[in-house]
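As written, the chain order gives the labels A, B, C and D, with residue 1 at the start of each chain.
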Amino acid sequence: MGKGRLEAFSDGVIAIIITIMVLELKVPHESNLEALRPLVPIFLSYVLSFIYVGIYWNNHHHLLQAVRNVNGPILWANLHWLFWLSLFPFASGWMGENHFAALPVSLYGGILFGAAIAYYILTRALIAHHGKDSTLAAAIGRDFKGKLSLAFYALAIILSFVNPLVAFAIYVLVAMMWLIPDRRIERTLAP
Amino acid sequence: MGKGRLEAFSDGVIAIIITIMVLELKVPHESNLEALRPLVPIFLSYVLSFIYVGIYWNNHHHLLQAVRNVNGPILWANLHWLFWLSLFPFASGWMGENHFAALPVSLYGGILFGAAIAYYILTRALIAHHGKDSTLAAAIGRDFKGKLSLAFYALAIILSFVNPLVAFAIYVLVAMMWLIPDRRIERTLAP
Amino acid sequence: MGKGRLEAFSDGVIAIIITIMVLELKVPHESNLEALRPLVPIFLSYVLSFIYVGIYWNNHHHLLQAVRNVNGPILWANLHWLFWLSLFPFASGWMGENHFAALPVSLYGGILFGAAIAYYILTRALIAHHGKDSTLAAAIGRDFKGKLSLAFYALAIILSFVNPLVAFAIYVLVAMMWLIPDRRIERTLAP
Amino acid sequence: MGKGRLEAFSDGVIAIIITIMVLELKVPHESNLEALRPLVPIFLSYVLSFIYVGIYWNNHHHLLQAVRNVNGPILWANLHWLFWLSLFPFASGWMGENHFAALPVSLYGGILFGAAIAYYILTRALIAHHGKDSTLAAAIGRDFKGKLSLAFYALAIILSFVNPLVAFAIYVLVAMMWLIPDRRIERTLAP
């Protein structure tokens, strides 16, 4: 089975998720700076979520480069991962709306954690289909960055009840870590 | 007429349906667990609907694999099927919002029934175009699972007025039945 | 310039328009039949608009079959047409929300009229680029059905102030006329 | 890395942005002309924003024609540009909702400015990857129109506090300037 439609469908879902998150920025009825102030945390939350969804799209794009074809379990692993991404607008909106209160910040970490696990399952399904000696398996490697992220998310979920801003800072830190271009797959694929 | 644009358009519509359903999870203004509680049935309803739309995307993907080209009636049969899918966000939201009350659970079954009939019509339009001896017709076969689903939906529509939770359990059961990978078409297409 | 991205972008916009129209069907807070009753005109309006957008997608699909490549004016003629389509959710929602009152029914006709003019301009831009002796020009022909539709829309816009239901019936009639498969282009392209 | 998915994803995001902007036109509960009057500035704002997003889609389409392949920094430069575009629905809605008051008109200019800078960065990332002697670099050239637009936006941001309508007129003027077909890249690519 070709990978074309999997890519097209994922692109569609991710494009919609990234765009409807902005709808949480409700248009104020007044036109002064005061009216914008309550939107600041929602905007910050939006920026962070945009970056996370952007990182995922980027990584998915890189990952699928090395994929030759897909099967049923891969389609479902991909849908499962998209399900977690689809919860970003809610988690992001709730975190912003409540000015980074403990529980919403913690839930945001839970969604990040779930999405990361789902992405890990997707890579396993791909490796199971392509073989442990495939270019794909070599390109994914031990996935140190992925495992480190999971540890950070778990830490932040707990810390959010101590100090939500520290938890938020951890989310920003992990995003920065991923923004550094991931050359693993590009390197392995290069001649 | 090529099938590319039919696939692309269907992917677009399904991607949007699956994503706007999450908008029913309205962001609460408070940040405690109490604020999340009324969202639980809406979330469960969302999960079920996500799985159903995912199953349809998957089956449509498999189905179109065996399609060589399309004609006018097929385009319309496909649009008719997408119409029923487009009612999922409403039916799902109404069922969750009203904590699985009788009428919304029944209507949800009605939408599932309509979508299943529309999908059946689509397969007939495809077989009419490709011939009864085509790979496609062989791959679709007698479609026992599709017919069984229709019977279950009809049963659930009636039972929802006796006990809506039993009807909901039937919807979950049918979804589970479809989640078991459908190897019919893959098997027939394999060399 | 290839036509691939024009098709992909149009498919995306049309898929979104057709899907967000359903958001006008607001989920009621109660779970009885009374709660569904005010939604009936909105639903009817949605069905008609779904069919019209479906007809346009279908016709656009057929039209682009015969197109070889595109230029700047064609891109803009296409965007202009998509602009009119983007007003469907508003016009459709207003008509349904107000139970087919005179002004909304008239405005709906105005949007249909504008979209039809925009589609006509698009076909002219395509013919100007491909030449009057092209397969495309032959396939479009005199476009009798398109001109007849314009006349009907104009009639309905006026009649909606006399009896909006007559105007609505005319919209249904024109849609039926287009649902009859349009074999013009298919016939001309066939060997 | 191929450019196909970058184009598809950008098309998806732009299609959604251009379509959700229309949701700011909230359906009125009454059916007379009075009910439409408050929507006039929102509609004008929508038309202008539709044209700007259309111009960007057009320019992006032309730009990508000359692109051979992409790398990580290009993907991120593109996402950064899409981020600015995603703020259009908010800025456009706020400007319309407040009848072109000073601050919203100024913010709208700020979003236009940010999007233009982001587009400039994208062209630089593309040139850095393709080389200064590439067809792409030649096609982009000195980008006089892009720099002039930036100056106009900056002027309008300031002038909006003196007279917002003058600032709005500048936005319309710049849009007109871009609507004149941009033949630079088409000319350079032609044999």
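In this text, a residue touches a chain if its C-beta (ideal position, glycine included) is under 8 Å from a C-beta of that chain, and two chains touch if they have at least 3 such contacts.
Model, not experiment: these values are computed from the prediction.
> If you list every residue number at the chain C and chain D contact, are more than half found on both copies (same) or fewer than half (different)?
Answer different: the two copies use largely distinct residue numbers here.
> I'd like the angle of the rotation relating chain A and chain B after CA superposition, in degrees, nearest 5.
The rotation relating chain A to chain B comes to 90 degrees.
> Where centres are the averaged C-alpha coordinates, which chain has the largest centre distance to chain B?
D
> Calculate how many whole Å lie between the centre of chain B and the centre of chain C, each centre taken as the average of the chain's C-alpha atoms.
From the centre of chain B to the centre of chain C is 26 Å.
> Quick check: what residues of chain B touch more than one other chain, meaning two or more?
Each of 8, 12, 15-16, 20, 23 in chain B touches at least two other chains.
> Considering the complex alone, what residue numbers of chain A touch chain D?
For this pair, the touching residues of chain A are 7-8, 11-12, 14-16, 18-20, 22-23, 25, 27-33, 47, 50, 54, 57-58, 61, 64-65, 179, 181-183, 186.
> Along chain A, where are the residues that touch chain B in the complex?
It comes out as residues 1, 5, 8-9, 12-13, 15-17, 20, 23-24, 71-73, 75-76, 79, 82-83, 86-87, 89-90, 93-94, 97-98, 101-104.
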